[in-house]
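Going in written order, the chains are labelled A, B and C, and every chain counts its residues from 1.
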Amino acid sequence: MPRPLLLLVSLLLCLPAVAQERKRGHTEIYRLASPAIVGINCRTRRATYFGTGTIVHADGYILTSTTVVPPGASQIEVITADGKKHEAKLVGANVEKEASLIQLDGKDWPHVELGTSADVEPGQVTYTLGNVLNSITQDNEVAMSHGIVSGLYELTETMEGASYKGEVIETSAAVNPGVDGGPLLDASGKVIGILSLSYSKMRWLGVAVPIDVIRPYIQGLAPQAFGAPPARTDQAAGPAFLGVVAADEEEPGTGVPVVEVNRGSPADRVGIVSGDRILEVDGKAVHTAQELETLIRSMKAGAQVRLKVKTESGTQDMTVTLDLEPL
Amino acid sequence: MGKLAAIAWLLALPAWADTGSPDGAAVQQAFAEVVRKVAPAVVCLDIDLEVVEKPKSRAQRLQDRLTPQQLKDYYARPEGPVSGVIVSEDGYILTTYYAVDGEVHGIKVHLADGRTLEGELLGRDQNLDLALVKVDAEDLPTLEPADPSKIRVGQFLLVVGRSPSPEHPTVTAGIVSADGRNGNTCVQTDAEIDYGNLGGAAVDLEGRLVGIAAQLSTTEYGLNSGIGFVTRWDCIEHTMADLKEGKVVTKPPSPFLGVQAAEGALDVEGAQIDQVVQNSAAEKAGLRSGDVITEFQGQKIVEWEDLSKLIRACKVGDEVGMIIKRDGVDINITAVLGERK
Amino acid sequence: MRNVRALCTVLSLAACAAAAARSAWADDATAKARELESDVVHVVDQVVPAFVFIGGGSGVCISEDGYFLTNNHVAGSSKRWRVKTQDGRAYVADLVGTDRRGDIALLKMKDAESRPHVDLGDSDALETGEYVIAVGNPFLLGRPDCRPTVTFGIVSANHRCEGSYASPKDLQGYLDCIQTDASVNPGNSGGPLFNMKGELVGINGSIAPRFGNRVNTGIGYAIPSNQISRFIPRLKEGKGNCHGVPDGLSLLQGGTSNDAIVGRVKAGTEAEKAGFQKGDVILEVQGMPTPTAARFWGVVWTWPSGETVSCKVRRGEETTQIKVKLTAIDADEKLRDKAQLGVRMEAARDGGVRVIDALEGAPAAKGGVKSDDVIKAIDEKEMKAPADVLKFIGEKKPGDKVKITVLREGKELEIEVSLEGRK
């Protein structure tokens, strides 16, 4: 290429860098993150739910809240930012941490990275994104608000159907119905918390469950995606864990149908598989997913329970040693 | 020459790298620096306050029952510490009148350096919503005041507080929305202000003190609604002498109906309501947007100023009768005047 | 030739140096923040003089001779107003034209000359995350001394649908609006939303509150400038009948898809004449994507009646363009009554909405809803907070029947309620 032309080309290539658009604000973070934000609709036997989820892994794992995808949810419909609808399956729901993990089929999903919440400080810039008042489901718009980390404290009361009690990250960015289950992002676009509709009666600002609280749980559910969960040092504390994902049915039959069994869990170890129905726990009949979960969690890790399970080959009695729930 | 151009071009490449939010990252660093500078002068105040409840009339109590619990929680004074700002090296600390409005049985002042000192309540001014507290100390950190004449609408404002945790400062950010509010004593900001950071320091990007966060009105403007007030430092300076002497300035409770005027409608005779304030006396009495108040306590109303004057002459708790026109029909309405908080 | 070469070299070196310098300087974060701050102050100084104080809300001047915009719900009730401008002057202003359904009013100040004014910008060019500035008069704080309130935020979403589109003959509200987290409150209505170039990109008009309160919680809605500019000629002529729809066209309701699918084409109407067929999937209108029914009505809403709009439609394997003329929606002075339940409610402790009071003689009480009932769902849609109930009922019409699922003393009940209009 002749020299003058080369130099002219260099000149032109430099111009965009020089004319850096000051007016643009936070459009970059939106461009990067919004493809990973989804709207979620799902059903349980009683009602339909809606809210937001965040794709946090290329294999289609979506992190959301139990106020959006409660235990026992089925027909989980995910609407991606491009307007397409997808079915997702429930991997696990933890009401105490207000966190649910669902998964889409396929690979190479646009996603955001998980950050850490340990060194979050007041004053740091944050963003909330999601299906605010059905913005994704109805209008195909991932809505975003910006603000800062305005406080770090402990929530001791749960409000508006939320279930998490513990340390929260408070933000001055807008949190409104529909955005629950959505991400709290830091300035580099990493997830530092999952949004909750709970609030402090002293502050009346939006809060998020810190990602460090949720991470061990999803590591327990999918270590191949999120890494191995931290080794447990204390064996005493913590509720028990069986490792089944149960569903509620339109027309309840006997017992609780098992949809998924978590790999390596106590249920897996005794041979419970998807399709089985759990009829009784220690002689007590169970009818709903919620009942089953409440019963199991009321026990201690290491406890032995007798389960009456209806399998393909008939009704069986099984003795299971419950684990500690993944952190 | 060509080589030089190529090298210069390579040097320019980083300007293109755009990861995350460049504005977000820049602003964050700037804010963090301001907080680091300012936080040492912001204190956490644990005030043992006994609030004297005024007895309510039967009509007021009946109306209270109609208020949803969530709103009652929203308007209620929460339990917890408030913020304050050190204004002199030798231990004068400013907070809000609201924080000490009642019987004060003790004040514990938690400083940023970890010390807790006993505070003595001195003067207070309800109009400016300020109270002065004194601790026994020396060489306390203070803030440089901002030049009030240089305050510009649109400039950034950070409100730094220290509640509920004495160890961690809190910060909200926004801009100056307007100056000269409340009789030219306040700057208005859209930085979120609530019970926790009331009494905190409102500072500019250089960390200079513009004023103290004050004048919170949950019943009118709401918490964290983007309507917040900061009592300006130059007004505060004028009253410091009085406050140090222990002077107490109060204002009588102001009656509040709760209607926002559609002022200036020339086709309309009477006071046309544009909006009814949430959970106010007007809303509970059944007044609606679009109603035109034509008579109040037997007096004819031609324009808004007539109504405002009559309301100001009433007392909190008064039962007032009025006639309104709605869709061409005259309706009698009785309201129980609330208090403007 | 050699001069040209030298010139090119010098220019490109200069550009490269500037870019490199900028890149290095960009590391000084506070300097960047200060620059942003001074940009905001600069825009504020530019635009605030165009502000108008009117009634219980706000307005903005768009021409030298005193035309100004506000919401219909601020100014539509009176044909003549006394208004004030930011410089403290008072004017008598006439209502020139008003769009009741779309909530925009155009007025003109009498005897106004050389008024500071602003230009309308391109609202479709707004990007989510971009800075915006709102100017208004929340809680009439600016009344005594003519100082409006300025707030700062970003565009949270564009093309939100906040109106009702259940019935094509009865569209109303903000069917295509800008959502912002810049604080707007009662009193900001009718006021301007600016981009960082100082161009008017929206008129603020409504908020979605959260804690049972009517104050801002980070969601404000503004009518976009592109819609407004298409209607200004009509408003100037004082004509009503602003908005239009493809007459005879209705979209599929419910079903598994969110898409804008033609459900029915009435014989002998513009829609039939234009060539719409049942089952057509409408992909674009006037070049704007319409992936959902809400977006379809939203785009249609921004074009005046009488205009012909071009729709890109998928029929089987093919796509085709259909041009259809918009027929005016019946002009009426009084918009239809909003449907009401007649309850006072609050968020319940364990989720759901607690009924404090079912007003006597109103639909809920008539159906059997009682105090302390906790509404869990309506028509099987979960109700998490009072805002959900308000939104759901807000989209219904008087006469619609709804099935309310309540929790009463531990038991779940289903109550059918027939909605009525406000009395």
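Quick notes on this structure:
Simple rule for what comes next: a residue touches a chain if its C-beta (ideal position, glycine included) is under 8 Å from a C-beta of that chain, and two chains touch if they have at least 3 such contacts.
Because the structure is predicted, anything quoted here is derived from the model rather than measured.
The touch graph of the protein chains shown is complete. Comparing chain C-alpha centroids with the centroid of the full set of protein C-alpha atoms picks out C as the closest. Computed centre separation for the pair chain A/chain B is 37 angstrom, with centres defined by C-alpha atoms. In this assembly, the C-alpha centroid of chain A lies 31 Å from the C-alpha centroid of chain C.
Averaged Cα coordinates give chain B a centre that lies 29 Å from the centre of chain C. Residue positions of chain B with contacts to 2 or more other chains are 2, 5, 9, 12, 15, 21-23, 25, 27-28, 31, 74, 224. Residue numbers of chain A whose C-beta contacts span two or more other chains: 3, 7, 10, 14, 17-18, 20, 24-26, 28-29, 146-147, 204. Residue positions of chain C touching 2 or more other chains: 9, 12, 15-16, 19, 22-23, 36, 129, 211, 217, 347.
Interface residues of chain B facing chain A in the complex, by the touch rule stated above, are 2, 5-6, 9, 12-13, 15-16, 18-25, 27-28, 31-32, 34-35, 73-74, 78-80, 164-165, 168-173, 192, 194-196, 223-224.
Residue ranges of chain C in contact with chain A, taken from their complex: 1, 4-5, 8-9, 11-12, 15-16, 18-19, 22-23, 35-36, 39, 127-131, 153-154, 156-161, 179, 181, 195-197, 208, 210-211, 217-219, 257-258, 291-292, 294-295, 298, 347, 349-352, 376-377, 380-382, 384-385, 387-388, 391, 405, 412. Residues of chain A touching chain C in their complex: 3-4, 7-8, 10-11, 14-15, 17-18, 20, 22-31, 34, 46-50, 67, 79, 83, 85, 132-133, 135, 137-147, 159-161, 173-177, 197, 199, 204, 206. In the complex of the two chains, the chain C residues touching chain B come out as 9, 12-13, 15-17, 19-20, 22-23, 26, 29-30, 32-34, 36-37, 40-45, 48, 54-57, 74, 77-84, 92, 129, 133, 138-143, 145, 147-152, 182-187, 211-217, 344-347, 354, 356-357. By the touch criterion given at the top, residues 3, 6-7, 10, 13-14, 16-18, 20, 24-26, 28-29, 32, 121-125, 127, 146-148, 150-153, 172, 187-189, 201-205 of chain A touch chain B in their complex.
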